[in-house]
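You will see subunit A twice below: alongside subunit B first, and alongside subunit C after that.
Here is the complex of A and B:
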């Protein structure tokens, strides 16, 4: 996929649109990724007497931290593998099982639920269902003394929460595989299993790698789920780093721990690059023959796929039914009479948070979508000095635990020259640079499937790189744009770990209110807020899909809808 | 280009307007008390002085981390509520401006920092809280001694706070130390035994109250204000005290060094340490014990506390040993299962 052109500044300089884009991206990355990171490094490695490695060495020999490091790797690997498998199951079912529109919408909606709610909702539902007095373990199965804390529950919760990312990554890739390829293999006498193994799966490899990377990084950085579910026998690094800073008031130790965490994140990223980079996966060539209905999957296999997906969907829906009930009763578990009072509370006392969150999400969404596509395009399609560095730097804020990004932003942007704390921009920037990597990866994965000859044809007909990007590439990667934009919006509505440090007296967030309500034991308003968030995200996502269908070619519209589950 | 400039100017004006919208210099506050306790106090302050309080709630660790990070350009005037040990950690970071309110002289020694770096606004004893249904099913009496919590019937069923994040936990551990005559070996032997009955150590002090209310956990050790709030919500829980005694922790307030509105901040501290606010506690059923000697503890709260043996944690001793004890707890107690 690397271009045949040599990477030279001269070539870049000859293309003003490209040069501007590269410089703009670098300035943004410098300011919002490297600058805060430098402040963090300064905290970790400098004290009054100058440079010191002592905190790092102390962390490395600490047996508790070593255990946390390996636990983090085990957890992230498990979540990466299982989440990718589950995402592939859903994607394959959606693309190849020949489901009707209604069933598709149902599966999409169920798969999106975990993605559009604050992370700890799944955790709470798991405790209510599988704890010592859980509805399932105790009330249904009659088990006593079951522990809902530890590796298994943490892994299940993270897998359920993050597998939609794998689904969103894999589905357009499977959809872009021309069924005619499978059809050809079929008519050449290949068995279905063989075709699946040798045609479908290899074509989806960039998707697998991307999905695994995204899930691995997400799990590695997640602190909210382990904080609630990991208990005390399964410590992981992000939680340790968080506790180090907020509990033991030890900035230095926390900064060091999160830098240790960055090592596996970078390693997996480089591995994935090396692995995917060696093969070609072009299936969109502009020369697609007439599409035929896929016969690549046997009817019984189809039925099995659907059944498995429905089973997962039912579990998810059950979890969220609990949430809905909690929002509609006086005191969950103690007084189960119906009330709308919690909704009244969130629309009066909670109104400023709702307003701020919507404004922030609305600003961040287009910025994040455009930034993701631009960086993804530059990385996948352009050759310029520092391309790999750009790709790596763009992933940093995603790979770091949110707490650390939040603290780094707080330290870096509290004082001049760039004093941003207390304003709205710091929160927006945090979301854009932390959550756009999904859009970047989606763009890269999609572009790897699109033959470069389409763009080359445009160039040879005299279009500049800006025009080619706008008229050829952009429509082709519209699904990735909307995926990126959707993810930034969703995260703006649901994320908390970084932004809890960035909210201010003038700008606060719904998620912070939810956590606050949990602290006050006000489960009702917390649940009502969560339901509100889910409803808003679903409406916005459906609206986006509708607009897209109207504006773009039907194919792009369908792909985007599938992305966003409208 | 011109349009862009107009747009930028308009945006800047709007953002600036947001900041300047409130007249009469409001006081900016981070509160560690949950909003439902803090909000009525600030409303009362506003009513009495006409000064608006802008506030944001954080847990003690988060609030402190923020104030430290903002040290060079403070965003708030006052840090409100939260256990004194958080404030003690803050003194080391040099984030407070000493200030002595009119009530300062009246307060007993353990309710103030000598130089006025912080002043106590309330007292918050620990209690045992258990789920009534659990006690009944297992034919247990409410725990009346520290050793009652070691009963195997509670195996894997207690929730209490994690010493890494929670002041509640630190107060709890120092309570056990006091009960054992500050004998650390005996104390840690007990804590390791107690560990066998602990389902999970929660991030915040009140984290286990709802699970206890719901029966997900059998009980735990909490601050009285959280325990009584659980009861008030309608959950069937029982509050009891150990006969050997249990510790209490003061809740404090402090002025931030470099505050943009020190005059307003001082007024808020005057109010919070006065009888005016602390008598509100009882009125609004916020079950902290008042620190100001002029305010009587509300009758129903006094009833709960009657006969309980409660002792203050010695600040000097706790301050000098906290870090070491907590580290030992992390190393020895946390993994001991």
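Here is the complex of A and C:
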């Protein structure tokens, strides 16, 4: 019955906190999402003579572009499916296999490594391993003439890089499914496999859809991995668009090309909404049932899950060991003598990039975390005119490939009335509006499992919407808040696709320096930078986890404890 | 008569139904609850009783009509400014707060100082019999204890009115009886105006000063439990409250009717020859030896329930439910046995 609350401005106007929040979010969305996008569309579709479709049509009939389009779709679908499966495997193992704390921490750490790494790291490791002079292909197998480039390596690298997103999305959802439900099905005589199919998996459906969408969009938007690994045989749209701009200085052509990418991104988004939107999944209520240790997974299945996760974890750790070694030797594969020279380099001539990146991340993190939770809450819980539009607009910068956002910001904020190019604000804004949707989605997913009556209870006890949000909702969605916080920080440290267009002489980024190092074939400093980023991100994320433990958010149950890793 | 505390004036609530289009969940409901009264909204699921309650609380806004509490129009006032205590079906205890903090919540929101809060919370926990539970977490409590915390939380800030939405439906039968007595005792002690929603007619009859029966979004009858039981306004009410027989009767004269060939002295005020619907409760029919009755009944089934014995009796074209409570002094009747059926004028109610 609660679903029928009508959206009226009168209701909103009676609630000053709600009205303020809605207006503030809309102003920000207009300025940092719609305004740049409008500028970009204008640049793509208008010339001196007015509206024209010529660049778009020219782009569509280009056979190279068509190949890139289909390659992008195949890659994103493969990464979405495999990454979701891998994330589910890890989440199920963490939640249901009954592992000890130490094993959980180990799996968490391994699974989260790729997420906290700068781009290129998996790519570098794959080249170190499988390249012409790779550790595995050349040194161990003695193969020559192998290629580490193309679909398989790109897909593997992206899956390993992005599956932790699925893990983070699915784990709290699985944790929130009351084992009693599975117990009950078990007691009804269902086999374990049947229960898994008919109870566990359907309850996790919103999580699957969210995870797939996030991975699909991440793969579509990723250009760092294909830039290194895809090679000439497997062109994808983001790299084509990027090269169009940096190589040919064809802004119009690049913009048009990346706009084509919008079609699949929007399609997946709408599909997900139509599919998940109709169902409600309330499994957390104020009534707290007896929790039982689940017996819904057979011991041999548990062992199999754990073995699979450990295998994946070992591959990841092997990759990162390679990276660490490469940062500590003179030239990996050629001169393997120990040196700290690469670290000297990054802390002297690389220092400005480190300082700038840390400042930007420190500013963006709290802003992005709060923004994500606020918008997620408004979308999931409040009813106001334009709610769906807000949800859609808030997702735009995430769904768009980074290149398109970067170019849009560059064009829009280069000139008055809002001249931000060259400053720090443009980079921070780019990160906040591009990476908070993870926090928004996490908030929505968590709120879908928290019964509305908790907020109604607070309201009936005299708390206004702002106070209810602060006292009840926020503590219950703290896991989502810190997930949002963490993701914005991690991305601020590791992203490149959009911000490569926004760096300037006064503000630059570590990731851009890594790319420069790689193009100069200075793999040592690139590896050292990567190791540094990973260490910083891990320290901050560990700090966030510690805060989360102290907050004791029971809505996410035990998931909160090691939500972001140990 | 006590002053009116809650007044609903022709409120309606519509929902968009995917198949049926726009449907009324609540249609032109008017209701007045007196100060200190406990009124129950009773009806089957989907009858609009919870929606009505949620509109009083402010969780839903009526599409038409007005709601006033204590003489003030609150139709468009937010829930947090209405001064209502609400007890939810699932209790809705804040899982991240202790029992003490759950109960203290409303007072903290009001900005009361620490000692005053501690005193008020201590008093109300004492009142619901949970004096030493203040440091427990909700998940450590049993269902009945959670329910009492929810109750304490709803009354501690001395709200204008108290609303219950099927508060006992998650408890087992014995606890349900115990809790409803506690709720009633507490409500009388603090004298708070209360609206109580349930689909359980026994619960409604046990707890209420007055009951409003709802069906398909509308209030079909209001009154005390015995009014609804003895003088139901419709077949729906008669069947929903208690068990009942609805029998066709033919008016044979100004002072006499005929049921399945049996004549009973009853002034119906209807025209001779007209057919009326008669409500007869099972315990108001008497079974005895068939001493020359023009029509006799036959026992079709018997169920011994301890305090009473239920029979199904065929009489002409009707099957009657009959309850007998006197088998401690008379032998029970056997299935298949012919039996005389007696109706008493006082036990017959003619439906309009």
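Keep this in mind: the second predicted complex is superposed on the first by the 550 of 566 C-alpha atoms of A that agree within 3 Å, B and C clash if a C-alpha of one lies under 4 Å from a C-alpha of the other, contacts with A are read in each partner's own complex, and residues count from 1 in each chain.
By definition in this document, contacts are C-beta pairs under 8 Å (C-beta built on N, C-alpha and C of every residue); 3 or more make two chains touch, one makes a residue touch a chain.
It should be emphasised that the depicted structure is a prediction, and the values quoted were computed from it without experimental measurement.
Novice: Quick one: on subunit A, after the overlay, do subunit B and subunit C clash, or do they fit? Just give me the call.
Specialist: Superposition result for subunit B and subunit C: fit.
Novice: Does the superposition put A:423 against subunit B (first), subunit C (second), both, or neither?
Specialist: first
Novice: Scan A:504 for contacts with subunit B and subunit C and give back first, second, both or neither.
Specialist: first
Novice: Measure off the angle at the C-alpha centre of subunit A toward the C-alpha centres of subunit B and subunit C in the combined model, and quote it in steps of 10°.
Specialist: 160
Novice: Would you mind checking which one, subunit B or subunit C, touches more residues on subunit A?
Specialist: Larger number of subunit A residues touched: B.
Novice: Tell me the contact category for A:522 with respect to subunit B and subunit C: first, second, both or neither.
Specialist: first
Novice: Applying the touch criterion given at the start, work out whether A:232 contacts subunit B, subunit C, both or neither, answering first, second, both or neither.
Specialist: first
Novice: After lining up the shared chain so the two structures overlap, which partner does A:246 touch, if you call subunit B first and subunit C second: first, second, both or neither?
Specialist: first
Novice: Which partner does A:331 contact after superposing on A: first (subunit B), second (subunit C), both, neither?
Specialist: A:331 contacts subunit B only, not subunit C.
Novice: In whole Å, how close do subunit B and subunit C get at the C-alpha level once superposed?
Specialist: Closest C-alpha pair between subunit B and subunit C: 23 Å.
Novice: Report the residues of subunit B in contact with subunit A in the complex, numbered from low to high.
Specialist: 15, 18-19, 28, 34-36, 54-59, 61-62, 64-66, 68-70, 72-73, 75-76, 89, 93, 155-157, 162, 164-166, 198-201, 203-204, 206, 209-211, 213-217, 226, 229-230, 233-236, 326, 330-331, 334-335, 337
Novice: Hey, which residues of subunit A end up touching subunit C in the complex?
Specialist: 1-2, 4-6, 8, 10-11, 14-15, 284-288, 291, 451, 453-454, 456-465, 467-468, 471-472, 475-476, 552-555
Novice: In their shared complex, at which residues does subunit A touch subunit B?
Specialist: 64, 127-128, 131-134, 145, 147, 149, 227, 231-233, 243-249, 251, 330-335, 407, 410-411, 414-415, 419, 421-424, 500-501, 503-506, 508, 516, 519-523
Novice: Per the contact definition, I'd like the list of subunit C residues that touch subunit A in the complex.
Specialist: Spelled out, the residues of subunit C in touch with subunit A are 13, 15-16, 25, 50-51, 54, 57-61, 63, 76-86, 88-96, 105-106, 108-110, 137-139, 141, 143, 146, 150, 153-154, 157, 163, 170.
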